[in-house]
Amino acid sequence: MRSEPRVTVWNEYRHEHANPAVAAIYPRGIHEALAAPLRAVGLDVATATLDEPEHGLSTSRLAKTDVLVWWGHKAHGEVADEIVERVHARVLEGMGLVALHSAHFSKIFKKLMGTGCDLKWREAGERERLWVVDPTHPIVAGCPEVITLPQEEMYGEHFDIPPPDELFLLSWFQGGEVFRSGCTWRRGQGRIAYLRPGHETYPTYHDAEIQMLILNAVRWAAPVGAATPVRGNRAPLEPLGG
Amino acid sequence: MRSEPRVTVWNEYRHEHANPAVAAIYPRGIHEALAAPLRAVGLDVATATLDEPEHGLSTSRLAKTDVLVWWGHKAHGEVADEIVERVHARVLEGMGLVALHSAHFSKIFKKLMGTGCDLKWREAGERERLWVVDPTHPIVAGCPEVITLPQEEMYGEHFDIPPPDELFLLSWFQGGEVFRSGCTWRRGQGRIAYLRPGHETYPTYHDAEIQMLILNAVRWAAPVGAATPVRGNRAPLEPLGG
Amino acid sequence: MRSEPRVTVWNEYRHEHANPAVAAIYPRGIHEALAAPLRAVGLDVATATLDEPEHGLSTSRLAKTDVLVWWGHKAHGEVADEIVERVHARVLEGMGLVALHSAHFSKIFKKLMGTGCDLKWREAGERERLWVVDPTHPIVAGCPEVITLPQEEMYGEHFDIPPPDELFLLSWFQGGEVFRSGCTWRRGQGRIAYLRPGHETYPTYHDAEIQMLILNAVRWAAPVGAATPVRGNRAPLEPLGG
Amino acid sequence: MRSEPRVTVWNEYRHEHANPAVAAIYPRGIHEALAAPLRAVGLDVATATLDEPEHGLSTSRLAKTDVLVWWGHKAHGEVADEIVERVHARVLEGMGLVALHSAHFSKIFKKLMGTGCDLKWREAGERERLWVVDPTHPIVAGCPEVITLPQEEMYGEHFDIPPPDELFLLSWFQGGEVFRSGCTWRRGQGRIAYLRPGHETYPTYHDAEIQMLILNAVRWAAPVGAATPVRGNRAPLEPLGG
């Protein structure tokens, strides 16, 4: 069986300083709230934030990261293109990426998707119901068939993503919208999962079921250990004949 | 992390009695050749064969099976419909199925696919090259980017299967054909993998790389532990209003 | 450009006789309500119903059918297995199938899917919103991004189908559920579409947007004219060498 | 039925000037060889080449283009980023893209895929066999189950693309490799097809079956006419209650 992945949780870490309501919910930052339940089951988890040098994503940090968890919202544009290229290259090499909530609009997610990644949204504290639509998917292990969040930001379709390779959660919102909330894609040797919930003004990341989804997604996104493909000019394996 | 799945290896077990060349390659039967490398890494593996009562697939045996491995060829028609229904129901409940080689034409595989599952074939002992086309897939963990089998039966497209949910191996054959040789599908709560190699007159199941693919497929196909969906007439979760 | 497909609309045609409320909505039967808008744009449309000989699905009728539209509900069990086999074979040969609403539980749909095809349901006349989640799909041509039906039967997840090859509509229901309402699959040479709306006690098939979806689905499901694959024992195309 | 798409064929148009062998095969340029069979069936086809102002891809030209066909090879790096952004935006708006052969490494294809798009290759004039693996796909309409090209450049797996939404052609090469040669993806409202054959030193685009594939791909990639999704901050459609 595979050993546990080494994780880096990246957080923009701006709302927590700017908005006391967010700081009240996540006093040590969203990154620490995300890291704690992963550490509780024994995973090796580092954190990194936007205002650290290289946004905390040095080459050596990424080299030691099997799965990168990403939360960003209001400062996507401040992430340096050079770092985005570095993370992109690591995903293609096999590092997993778990993009959370507003990370749908991060540079790295958009670059991996090839689309605009826009959507409908509304901040009205309405009820969200996340329905499992693929009960064979490892990311919903241990979850009930519907997860109810009493208050969340609404995200609505059309979500401008490529058709997911796997779709395992669909959200229902009180105001009339639906959303593809649990999705996966593959890029190069890397495995990518998107999980919708987690607006900064709600205590979503303290919810045990959401924490389980994230833990499952981290394990799902870990490198599988396949051979790195060789590319370029190659001699024939078989005689070509006359 | 998940514990290891309990496995039952099913084999038709007729060629080994009828054909000395097959018996020479698989003296204890194909099922024992398949079971041995799984047991070697600690899995709990039972075997079952066509000529046992209920083909060895009693209700209690299936209840204790997390993943069923299936090899059959010349006697697909002798598998009782009642047993096929029982296995089908267990797959929909979550039991994994790993269908090998000529199991493409078994009743259970055809019933799960909904198609004819026919293909081109040729017994000429020609070379097969299995190329990894999805280096993110857990079933190719630890494998090289191409596996070469010096002699195998050819299977050629069009293989009459539903488009696979995941396609991770493509075969090249010396005589000019290609084949989708590593595929997965999901049915109900069950995970299904198909692996092409394994004609009875070649020692394919003694090949360490093929054994690794089968071990990986067994682990991949294990039940994930998602909630069993509730179906039928349901009351509203939200007030319907006036 | 392809010419228009020849269509047969199959209807169980029992509710219309048994329930005056249904007869009031569909006085000439659901099949005629489905056929009329297809004929209005020039398609050649026949109808067939359960109580006709061979359920109206003779070999010659099917041979002249490019796309079969199917509506059934309370008498799925009365459809003869022999006819189901005949329709199944024609789909694998290339006849398109458009399964509507409660056809999810028809023998032919279940046989093509390989799963149980069960779901949650509720008859409460609640509001349904169908959101387009794939704006590249031909079946949503000419449709708005959301179609609202004031009263429909609820269908809720988990819908026990194989992951669709294409998913283009998701439903939101007032009572809190979601549903994959517009899906396609491929089986053999046949193209299959499922469209959820259309409970017999609501005038859904008189809705112009739903009629457009059905017309689009019929055109989408038409045979494409690819070569019929050859299968079985085949000689090599290339010399196998020594 | 849909009317025919307006097409622009883009060609790098450098090999034809630099290499007499290429000029002998394509005396008027690869773009004219691609355009001719499309025009022969009545399509409105413009051409554009790298060395024209804005590479021939002005805003007004793209606004009049329903499907863009792309051939490039040795000068991918000379395509201006600004033009790549413009084409990308038009694809997300609904313009189809048919990428041919070495266009796998073009900036626009890589940007839409989100991956490296690299592969194995060999110029040895070896035989290629393209097998249809999806006989339900419109792009293979009218084609035989296998297309044989006597001499082509080899492209081999692993091809670093996202798993295709649809895979309809697999190539076999004499030297031992396989390749996913006919693929589609969806990005935004745009439909994208990739067709492998077409090395500049072989007369592949004079082959009637390859011309048919390209015509089919152009028709397949045409905009479907779905509603343009609205995104951003949205008011609820349903009352949110208390």
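Chains: A, B, C and D, in written order; residue numbering restarts at 1 for each.
Everything below uses one rule, namely that a residue touches a chain if its C-beta (ideal position, glycine included) is under 8 Å from a C-beta of that chain, and two chains touch if they have at least 3 such contacts.
This one's a predicted model, so the numbers in the text were calculated from it and none came from an experiment.
Trainee: Would you kindly say which chain has the C-alpha centre located farthest from the C-alpha centre of subunit A?
Mentor: Of all the other chains, the one whose centre lies farthest from subunit A is C.
Trainee: Looking only at C-beta pairs in contact, point me to the busier pair out of A-D and A-C.
Mentor: Higher C-beta contact count between the two pairs: A-D.
Trainee: Using the average of all C-alpha atoms in each chain as its centre, how far is it in Å between subunit A and subunit D?
Mentor: 31
Trainee: Taking each chain's centre as the mean position of its Cα atoms, how many Å separate subunit A from subunit C?
Mentor: 36
Trainee: Name the residues of subunit C that each touch 2 or more other chains.
Mentor: Expected reply: 129, 132, 134-135, 145, 156-158, 163, 165-166, 174, 176-177, 186, 188, 229-230, 237-238, 241.
Trainee: Can you tell me which positions in subunit C touch subunit D when the two form their complex?
Mentor: 1-2, 4, 94, 127, 129, 132, 134-138, 140-146, 165-166, 174, 186, 188-191, 219, 224-230, 237-238
Trainee: Across the complex, what residues on subunit A touch subunit C?
Mentor: Residue list for subunit A touching subunit C: 129, 131-135, 145, 156-159, 163, 166-167, 170-173, 176-178, 180, 239, 241.
Trainee: Mind listing the subunit A positions that touch subunit D in their complex?
Mentor: 92, 111-116, 118-122, 124, 126, 154, 156-158, 160, 162-163, 165, 174-177, 185-188, 229-238, 240-241
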